[in-house]
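Shared chain: chain A. Partners: chain B in the first complex, chain C in the second.
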Partner chain A sequence: MSDSTAIAHSPHDAPEHGHEEHPAYLRHHFENVEQQADAAGFAMWLFLLTEVMFFGGLFTAYLIYRNWYYPAFVAASHQLDIFWGTLNTLLLISSSFTMAMGVWCAETRKKQGLVLCLVLTFILGIGFLGIKTIEYKEKIEKHHVPGFHYSLNSFLNPDTDEAAVKAGDKPLPLDMARHTEVYFSLYFAMTGMHALHMIIGIAILGFMIFRAQAGAYTAGHVTFVENFGLYWHFVDIVWIFLFPLLYLISRHANT
Partner chain B sequence: MSATIVSLPDQSTARIPKVNFLTKENGLLSWLLTGDHKRIAVLYLISLTFFFFIGGALAGLIRLELLTPQTDLMATDTYNKVFTMHGVIMVFFFLVPSVPATLGNFLIPLMLGAKDLALPKVNLLSWYLYVAGGILAIYTMATGGVDTGWTFTTPLSTHYVNTNVLTTGLAVFIAGFSSIFTGLNFIVTIHKMRCPGMTWFRMPLFVWAHYAASILMVLGTPVVAIAIVLVALERTIGIGVFDPTKGGDPLLFQHLFWFYSHPAVYIMILPGMGVISETISTFSRKRVFGYTAVAFSSVAIAVFGFFVWAHHMFIMGISNYAVLVFSLLTMLVAVPSAIKIFNWTFTLYKGSITFETPMLYTFGFMGLFTIGGLTGVFLGTSGTDIHLTETYFIVAHFHFVMVGGMLMAFLAGIHFWWPKMTGRMYPEKISQLAAVVTFIGFNFTFFPQFILGTLGMPRRYASYPPEFQVLNVFSTAGATILGVGYLLPILYLTWSLKYGEIAGNNPWQATGLEWQTQSPPLTENFLVTPIMDHEAYDYEWLENQKEKEVASVG
Partner chain C sequence: MTDQKEMEESQHHVVSPVIYLIVFGALLVFTALTVGASYVEMGIFNPIAAILIACIKAVIVVLFFMHVKYSSKLTKLTVIAGIFTFVTLISMTLADYISRAWGRW
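Then we have the complex of A and B:
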């Protein structure tokens, strides 16, 4: 911060300078507010690009194994509860809406509205994680978590499994049934990485609610809210891809 | 070697400017909480040097073990750990951040006429991540090490070894984020922070090279991050993405890993090429021949670099058609590298060449990188690759590119910009000696390894048949010379901090904007935002500028 005082003493002939008072949030190395906002937004998009590559590795793995072990992926996807999945999708889309409203409130300097939107987004995010916990718990109970305790029962004897009966699954050969573990490996890796992003997002939201109450984002400097909004929408979009890939696309295929 | 372009101010009257980025604020905290790209570059330089010497010490141990055919210095397990940690530290904690995080950090805003990188806090964060990753890596070394090789190949890393794969993976993961943030910062800065008149094709080629490398950092690193996460999940909770007993495919790990780690070699070499473009122009007193071609060849290397990763896997069981395609693509990436070498050579043609230390290192780079690059073509050809892969030929090849190429470029850059960073010259004679010693030591160390490789000596073994001993003794002797070559700069550069001659603004008569401001620069780089009204490497502009100065002073 002491840098910004130094700049005030040095002579400035550049046309952008000297005419108007700088807002306090203009960091010393930018010429003007537009340049600063531009740079921050561009940086956020680049960061999201790295996130795309990060999840891209997982999607690649999903694509390959789905092609190799199609019957296993179909049978395993029947084990997911479409009700919870749909509800979670709704929660997340709503949270994206409240977040977008929050950005709008910040831009139009509506402090109460911003705080309300952030709180709503926070609650919806927590709700998503809560439902995810219910789903994970079910997987643990049915021994569908990959690793030492993984059980093939639902795929070798689908008659004994409620979800498999409902989907009309036939028993898989042992060789193929074992590959359901790859599906659940990817399920946990993908939804787990997504949930981790949610947790980070919710933590930042909590911090933002405090700052918003202090009026930090409704005084014209909205870059942080905008960039966080982009992050939140990105996490939402990842789920928009995960939901059909993991829950939906094999719904009506029979093995 | 009597001719020189060095022009220093009168030493009896010259002083280091009282106010500069080093003296602006004092105290440890002013460094640890700084947002100044130049200070962060200095922090990086110190920590990088530390890791380089740890990695170097491990290399010394490897060469000492290989002095004799038997495994006498250390147990084979220990040897595995030593070469693994050498690779991990040198790749992730030295080579990847070397030029970008130090010279790039210091120079890109100066070269663009900006006051700082676009995101100073992110820049500082990237240094902290680097240090955190580095400390974790050293911790893993102290608590038992890791022996998978720096490639963490599955299923070895997931099932068969019980060493610190997790913590090392985490260290690499963290360092990866540091690299992502550096690259991201550079791209944003280059797009948004250029001074008036600084069009894309007036940027120094150093900046172009960093732009290309940054693209690779931003797009490649997250992929290795997810690969490491999956390895970690496989080791901890036992998911089966890479586990063949569960239907996973270990080859997928290699695809994900090399999707980053092949572009990573361009992350390492491209910034080095940027340094060479600057030094070759300055010490030939000529604009870089084919500026546009050199600029685009950097981008071309970055783009092609993403489509050649499977040439690391020719013998791993990928299909013959994949081998064919990746072999062809590998040949393709040699083209932009060759464009650079040829253009630099044409820059030398009819130039007024002088042989200051940075130029000596530059010549070292050009020779060694060419050999390293050409042997890469041997390895990109699947027929010869099947014979040569996993032998010392590979080891020699990538050390020629990484050590002979990148480290030479790094040292060229450090010497070239040392007067700018510190305000003082390094001692010329002894540094020329160091450059020559490094070159000789390097060739003694790694040239025999090409021969060892073609004779069939496999890499990654602590022992070898006695008939290979002569060449190995050569190699170890060379490594000793090389060690001296690297120790010398540490000594005399430290010495020069206090006793070096005052450099003045522009000791090399170079054209870049970074030379048109005081050395060491002010915290805000320029008193007045510069306006770029000429092409890059325009020596006539520099002459006119000097005449104007004389006229106004006179």
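Then we have the complex of A and C:
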């Protein structure tokens, strides 16, 4: 068994192949390290474009429904807390900065710096999800999660709802109030998909922290850190658009 | 000959931390700006300002944090093609919904 494996692999180890000195991480189907890095970067961008189209569909749905059920979307968006939204934006922008610094540390072969940057990014990402949990919990308590237990109370009797009073909401007619559920469906779909991307990113970060401690990314081969950085910044960009669309643009719409 | 030229062209560019710090500062300023603008009554310009600021922030992140400014022409073309396709799709969809009941309002 072990013999046959050795035979199967022997052509790769044969001396005629090693006509040129090259780093161990250069795959044999690439001409050189540059070409390999370019190919990996190109592939990562193609993946991100599919992600753009995916989130783009959600954004388009949001824009169309906001135009159709405008009063419902305005009243429903008043239920979100700008304080938490802004804090989360700051956390995510900071995590993008620490990630960018991590890529720089990997490129300049600073192992301790890279580990520190990855750990900071990890913590900021967890912090973002923690705040999202606080916001989701409030939505669950107020029965603003679409489904059988959805409550129209905040929109039919706005004077009983603190957030609605603060925004100066007037009662919506029943048929319009029902459409607030569409807003919250899109809210949970968009922030939920964004949070899922964060969770996947944080899991990969955890893996990278161990690999970085072993010195895997500070020996010249930085493709993995670089491409993960692209992913993390993309998730940041999605939030950069989610934040104004969900939290900010309807602040004044009914005064 | 061409190999050499290509290699020089795609020479890996390390972006300095100073630029990252400036970008980080700019992103914080734009975040403060967009939150502040949402408290000012501007009517139709409230969403326009918010989306404009978001676009500026996204472009800064793509150019500097994601290194596109220093990337190969292939990467630049890929990014531009993606944005173009997305804008085309979203504007065609919205044009359909806007014009569907044309003249019947």
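We adopt the following convention: the second predicted complex is superposed on the first by the 234 of 255 C-alpha atoms of A that agree within 3 Å, B and C clash if a C-alpha of one lies under 4 Å from a C-alpha of the other, contacts with A are read in each partner's own complex, and residues count from 1 in each chain.
Basically, contacts are C-beta pairs under 8 Å (C-beta built on N, C-alpha and C of every residue); 3 or more make two chains touch, one makes a residue touch a chain.
Note that the coordinates shown come from a computational prediction; the quantities given were computed from them, not determined experimentally.
Look at A:Leu230: by the touch rule set out above, it reaches chain C but stays clear of chain B.
Of the two partner chains placed around the shared chain by superposition, neither chain B nor chain C is touched by A:Val115. By the touch criterion stated above, A:Val145 is placed in contact with chain B alone, chain C being left untouched. Of the two partner chains, chain C is the only one that A:Met101 touches; chain B does not reach it. When the two structures are aligned on the shared chain, A:Phe241 is found in touch with chain C, with no touch to chain B. Once chain A of one complex is fitted onto chain A of the other, the partner contacts of A:His29 are limited to chain B, with no touch recorded for chain C.
In the superposition on chain A, contact is made by A:Leu63 with chain C only, not with chain B.
Contacts of A:Leu49 after superposition on the shared chain: both chain B and chain C are touched. Once chain A of one complex is fitted onto chain A of the other, the partner contacts of A:Ile249 are limited to chain C, with no touch recorded for chain B.
Where the contact sets of chain A with chain B and with chain C meet, they give residues 31, 38, 42, 46, 49, 53, 56, 60, 64.
Partner chain C is touched in their complex by these residues of chain A: 31-32, 34, 37-38, 41-42, 45-46, 48-49, 52-53, 56, 59-60, 63-64, 67, 82, 86, 89-90, 93-94, 96-97, 99-101, 104, 107-108, 226, 229-230, 233-234, 236-237, 240-241, 243-245, 247-249, 251-253, 255.
Interface residues of chain A facing chain B in the complex, by the touch rule stated above, are 2-3, 6-7, 10-14, 27-29, 31, 35, 38-40, 42-43, 46-47, 49-51, 53-58, 60-61, 64-65, 68-69, 72, 145-148, 178-179, 181-182, 184-186, 188-189, 192-193. Per the touch definition, chain C reaches chain A in the complex via residues 3, 6-7, 10-12, 14-17, 20-21, 23-24, 27-28, 31, 34-35, 37-39, 41-43, 46-47, 50-51, 53-54, 57-58, 61-62, 64-67, 71-72, 74-75, 78-79, 81-83, 85-86, 89-90, 93-94, 97. Residue ranges of chain B in contact with chain A, taken from their complex: 24-25, 35-36, 109, 114-120, 122, 180, 184-185, 187-189, 191-193, 218-223, 225-227, 229-230, 233, 237-241, 246-249, 252, 256, 259, 523-524, 527-529.
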